[in-house]
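Shared between the two complexes below is chain A, which has chain B as its partner in the first and chain C in the second.
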Partner chain A sequence: MKPLIPYSLLIAGLAALVGGLAFVSMVVGPATAGTFELFSMMTHGEADTAWMIMREVRLPRTALAMLVGMSLGVAGAALQGLLRNPLADPGVVGVSPAASLGAVLALYTGVSVQMPLALPLMGIAGALLCALLLHGLARRGGVLTLVLAGVAVSSLCAALMSLALNLSPNPYAAAEIMFWLMGSVTDRSMDHVLLAGPLILLGWAILGASARSLDALSLGEEAAASLGVDLGRTRTLVVAGTAICVGAGAAVTGGIGFIGLVVPHLLRPLVGHTPSRLLLASALGGGALLLAADILVRLLMFGPELKLGVLTALVGAPFFLWLIFRARTELES
Partner chain B sequence: MKPERHMGRPFARRARVALGPLFTLLFGIMIFQAVAAAQTRPQRIVSMNLCTDELLMRLVDPSRIASVTYLSQQSVNAPLGLDGIASKLKINHGLAEEILMQKPDLVLAGRFTAATAVNLLRQLGMHTVTIDPENTLDDMRANIRTIGEAVGESARAEQMIAEFDARLAALQAQIPPGEKPVFADIGVNNFISGENTLYTHIVNAGGYRTLGQALGFDGFRNVTLEQVLSVRPALISTATPWTSPPSISTMALRHPALRAMVEATPQITIPERYTTCGAPSALGAVELLVAARKAAAAKVGG
Partner chain C sequence: MKLEARSVSVTVGDRKLVENASLHVSGGELVGLIGPNGAGKSTLLRAMLGIRAISAGQILLDGGDFLAMPPLKRANAVAFLPQERRVEWRLPAYDIVMLGRYPHQSGFGGPAPEDRAAVDRALDAVDGHGLVDRPVAVLSGGERTRILLARALAVESPLLLVDEPIAALDPYHQLHVMEILRERAHNGAGVLAVIHDLTLVARFMDRLVLMNAGRIIADGLPADVLTAERLASVYRISGSPPQRIS
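And then the complex of A and B:
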């Protein structure tokens, strides 16, 4: 199928969008603190504070929104390519709930009070454990086994998180867990970026390595195998790459959904339904969408801050419904 | 001989000469310390927690408060009588960015409030003091001391504690003798308070036991209707301003099984804000409970 616009133009456009939104994200402050307050601070002899806020508060926030959004986009595209199912989402491999569970345990046991970085570290440990488990299954079983195992892991992690909330004797600790699960990039520090960043890049590299095989897979498993594609290896690459980049992201931001599901859908027609091209386009699209959502969270602030994960689901779900409704003839034919 | 005779005088003179500046120096140091204390005392204090808001507003002059939480400007806090101060202060929503812009020299927070923001502020070198949620009245006294010391108002903090204790003792002297009856706090929220919580300690100070104590558990717990019905309370808490929007906790009160008990039992409304913080506001709850005990005793007597 011929793409609507040339691929290079699409990528350039999306990259410019990500860059532009990253700039806006650095410039716009929370509405309650005065959206453009920083500029008046700079011109009124408080440049030091203004720069410090830019460097230490907005930069990590912007970087994380971009990295996590891109991870969700690229992982969603890769999984939809691998499973040849438009309903696939990084959530189906169960790695986000596993990362959240690790973080919740850090909050529940109080380790995060003694050592703040224990929270993302335990989140990453949870994600990697889940990845190892799925890796074992993906090598032996088929795609169906993988998806079902992912669903089982998600449910188990969700149940254990509910258990932690259930047993929490202190309503304040329970509220903290609940707020963390809603997902946010607010007030993260450069430490969080340095912790998750390398793993996220590693995950992207692994997913990128699967691009060619995904193209072949779009012709069907048998056709792909006859073209010399090692299906087991492709599965391992996609699952490991997703687990590492999405898991590391979830470990610092909590649960952020719908980006990985919606973005590949939006961009698929624009890249002419070529899975390998969709990877890069979805990564940029995911980054742009999460940056935009995080900017919106700041502008919509009237009382307590709206959590990023709540906003993406709130906007993402109805949009996804509309998308399905519009494309139902295409899907069902 | 001569030198001996003169020995004393030059020495004394020398001593006098030395003592003069020494006194001046000592006096100078004292003044310097007093000035330094006033200077090192934080002048732009930010509070990120509802409970530290209350303590801060009671301990320091409003001119030294850079901001309190937006929660302190909500109407539920009216029973505290601090509206006049809170409404004039700047507010924060627990975001690091807002707080950095207010350029505080001290940030007060709770252990569980906006932990990511507090960690970030601490990492950026900001002086932060966090307090643990209080589980007893002694925890409350310790927290008042901690905050008092942090803001450079230790004397005022001690005075606050002394006033609290005096007021508490005066109220408790009015409690009629006899075992503490059960106060069923079903209307307060989904959780029922058992042993070792601030809520229970406040209720005990007012001359009652909580439903959770009667059922015999620690901390907060969700309790089934059956368990609630197994205890015959002497007093029931009904909906408070905090729970006035429909919530499951107040719905439970409309259950047919409860209705009979609710109708047969005296009721009381304790503004939620009296029991949320380990602060002098807790006396408001003690006062209401003691009044309820007195009313019950008068009824029996009459």
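And then the complex of A and C:
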């Protein structure tokens, strides 16, 4: 049961894949500014325009897809390790809906019209409030309390978002909310990256600190505690880290699902099933997958651009179903 | 090294799971904690490890307050094999045994040579070298117990607490596990084991502690603890007490 590829080689390969996809993401775009058009602009004295498109349009988009994909991947891996359940997903702690609710309130109240950055800021505030609530629960209650509280928070946020849609003054406001909720990295600026970026990095660092405890948790909570693992601290690290990096991401991109579920699952056999090694591998895998999805969204040319969150759900949900059926046959055989 | 529970009580709501229990285990001895189901044996074991909160009393390690020590220091002194034998993920047996080195590792870099040496010694003790590449999830009950025991041995702590290590094993593997524990005690470790098989405890243990309904009712040599009257009153069985074979 040795992993097929050495860990260092796997990480190097995934990092190269992220780098390659980021490059492709910088040069691929709609027909008026596609790859060939960019290169011809550069060679025909319009290099400034080409650079501006890349810097102002493509760079934030690429950076956000990478950062958010990596957050979803690493948070999914950490949560699966903490809950010792391969079907766990950053969604279970309810932080993405909380971030979305904050953003929806910004859209609904119209604050986002006067001050565009109010949208991500209120999203981040929603995520942090949710993180604080879960932090209190994670300290006191067990893992099951945490998951059920996450479900309750998600439902409440969904209800409040529906209320905002219900009460929205006109169909345009409602449509704006709906589109935002679908999740996308289109038309974001470097301001969004600079707002969410530091929080995302902080979340990663917090999750990284839990890595070794997750390995010991493979033996169950009692054995892990007897090895010197502080269970309360580990729960807090994973929940807070997830809430901060996934919440900050969701605040600028809307809801993007299934990356955090699918990526750790695919990469687990390649790291020899070791939870701590899965964190970095999943981060890179998540970044690569979301970059690829965002490139695909730009290349699919029919009607309006497909929202990124719609694409990940379209591909991710059937995969999830397949996982459940496979897990069932494994259990029953 | 000596781990001691002094007048320990564990309460849940108004139910007393363990009441005023005192017991100790020192280096070089193999002690059996016995008693009928629900007597409070596993609860007391967890209380002595500091993973179950106590409502009264003290846990002392060489006279110092064990519960006030940092978790890693506690883990270095006392290893534990829980009753739960489930291992998550398809981790290979070698990686599971290596988790026993957790309290010794800083978390930076891979396992040090002394960690690998300790894992090899633990695998020697349980005769587990042939299993190292296989995922624990696919091992048989006996193989899994040996690997998880090796995980606890790999801590190389002066004290070892084990909860029902031979439950659901066939006679050959029961004897094998008991011999591993006895050898550990011969090598200087203090071993405290919860075991139900009265014949085996009479045969292998240096000392027995008998619990019933949350209280410790006897502590001494197997022959003194396992009397026909106690078998009748505590276990509600009649018959002659098992003999020590030596």
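Just so it is clear, the second predicted complex is superposed on the first by the 314 of 333 C-alpha atoms of A that agree within 3 Å, B and C clash if a C-alpha of one lies under 4 Å from a C-alpha of the other, contacts with A are read in each partner's own complex, and residues count from 1 in each chain.
Just so we're on the same page, contacts are C-beta pairs under 8 Å (C-beta built on N, C-alpha and C of every residue); 3 or more make two chains touch, one makes a residue touch a chain.
For clarity, every value in this text was computed on a predicted model and none was experimentally measured.
Trainee: Since both structures carry chain A, what do chain B and chain C do when superposed there: clash or fit?
Mentor: In the superposition, chain B and chain C stay clear of each other.
Trainee: Please indicate which partner A:P116 is in contact with in the superposed arrangement: first for chain B, second for chain C, both, or neither.
Mentor: Only chain B is touched by A:P116; chain C is not.
Trainee: Counting only touches as set out at the top, which of chain B and chain C does A:D215 meet: first, second, both, neither?
Mentor: Second partner only, chain C.
Trainee: With chain A at the apex, figure out the C-alpha centre angle toward chain B and chain C and round it to a multiple of 10 degrees.
Mentor: Result: 160 degrees at the vertex chain A.
Trainee: With both structures superposed, pick whichever of chain B and chain C touches the larger number of chain A residues.
Mentor: For chain A, the partner with the higher number of touched residues is B.
Trainee: Which partner does A:P275 reach: the first (chain B), the second (chain C), both, or neither?
Mentor: second
Trainee: If you stack the two complexes on chain A, which partner ends up touching A:A164: first (chain B), second (chain C), both, or neither?
Mentor: Neither: A:A164 stays clear of chain B and chain C.
Trainee: If we overlay the two complexes on their shared chain A, which of chain B and chain C does A:R84 touch? Say first, second, both or neither.
Mentor: It touches chain C, and chain B stays clear.
Trainee: Check whether A:V315 is in contact with chain B, with chain C, with both or with neither, and answer first, second, both or neither.
Mentor: A:V315 contacts neither chain B nor chain C.
Trainee: Considering only touches as defined above, state whether A:L227 meets chain B (first), chain C (second), both or neither.
Mentor: second
Trainee: State the minimum pairwise Cα distance, in Å, between chain B and chain C in the overlaid complexes.
Mentor: Here the least C-alpha separation of chain B and chain C stands at 43 Å.
Trainee: Can you list the residues of chain A that touch chain B in one structure and chain C in the other?
Mentor: Common to the two interfaces on chain A: nothing.
Trainee: Per the contact definition, I'd like the list of chain C residues that touch chain A in the complex.
Mentor: 46, 49, 51, 71-76, 78-82, 84, 86-92, 95-96, 99-100, 102-103, 105, 107, 133-135, 148, 151, 155
Trainee: Along chain A, where are the residues that touch chain C in the complex?
Mentor: 1-2, 84, 211-212, 215-220, 222-223, 225-230, 268-269, 272-275
Trainee: What residues on chain A touch chain B, complex-wise?
Mentor: Against chain B, the touching part of chain A is residues 29-30, 32-34, 37, 41, 46, 49, 52-53, 56-58, 112-113, 116, 169-173, 175-176, 186-189, 191, 301, 303-305.
Trainee: Which of the residues in chain B come into contact with chain A in the complex?
Mentor: The touching residues are 70, 91-93, 95-98, 100-101, 103, 110-112, 114-117, 119-120, 123-124, 133, 191, 218-221.
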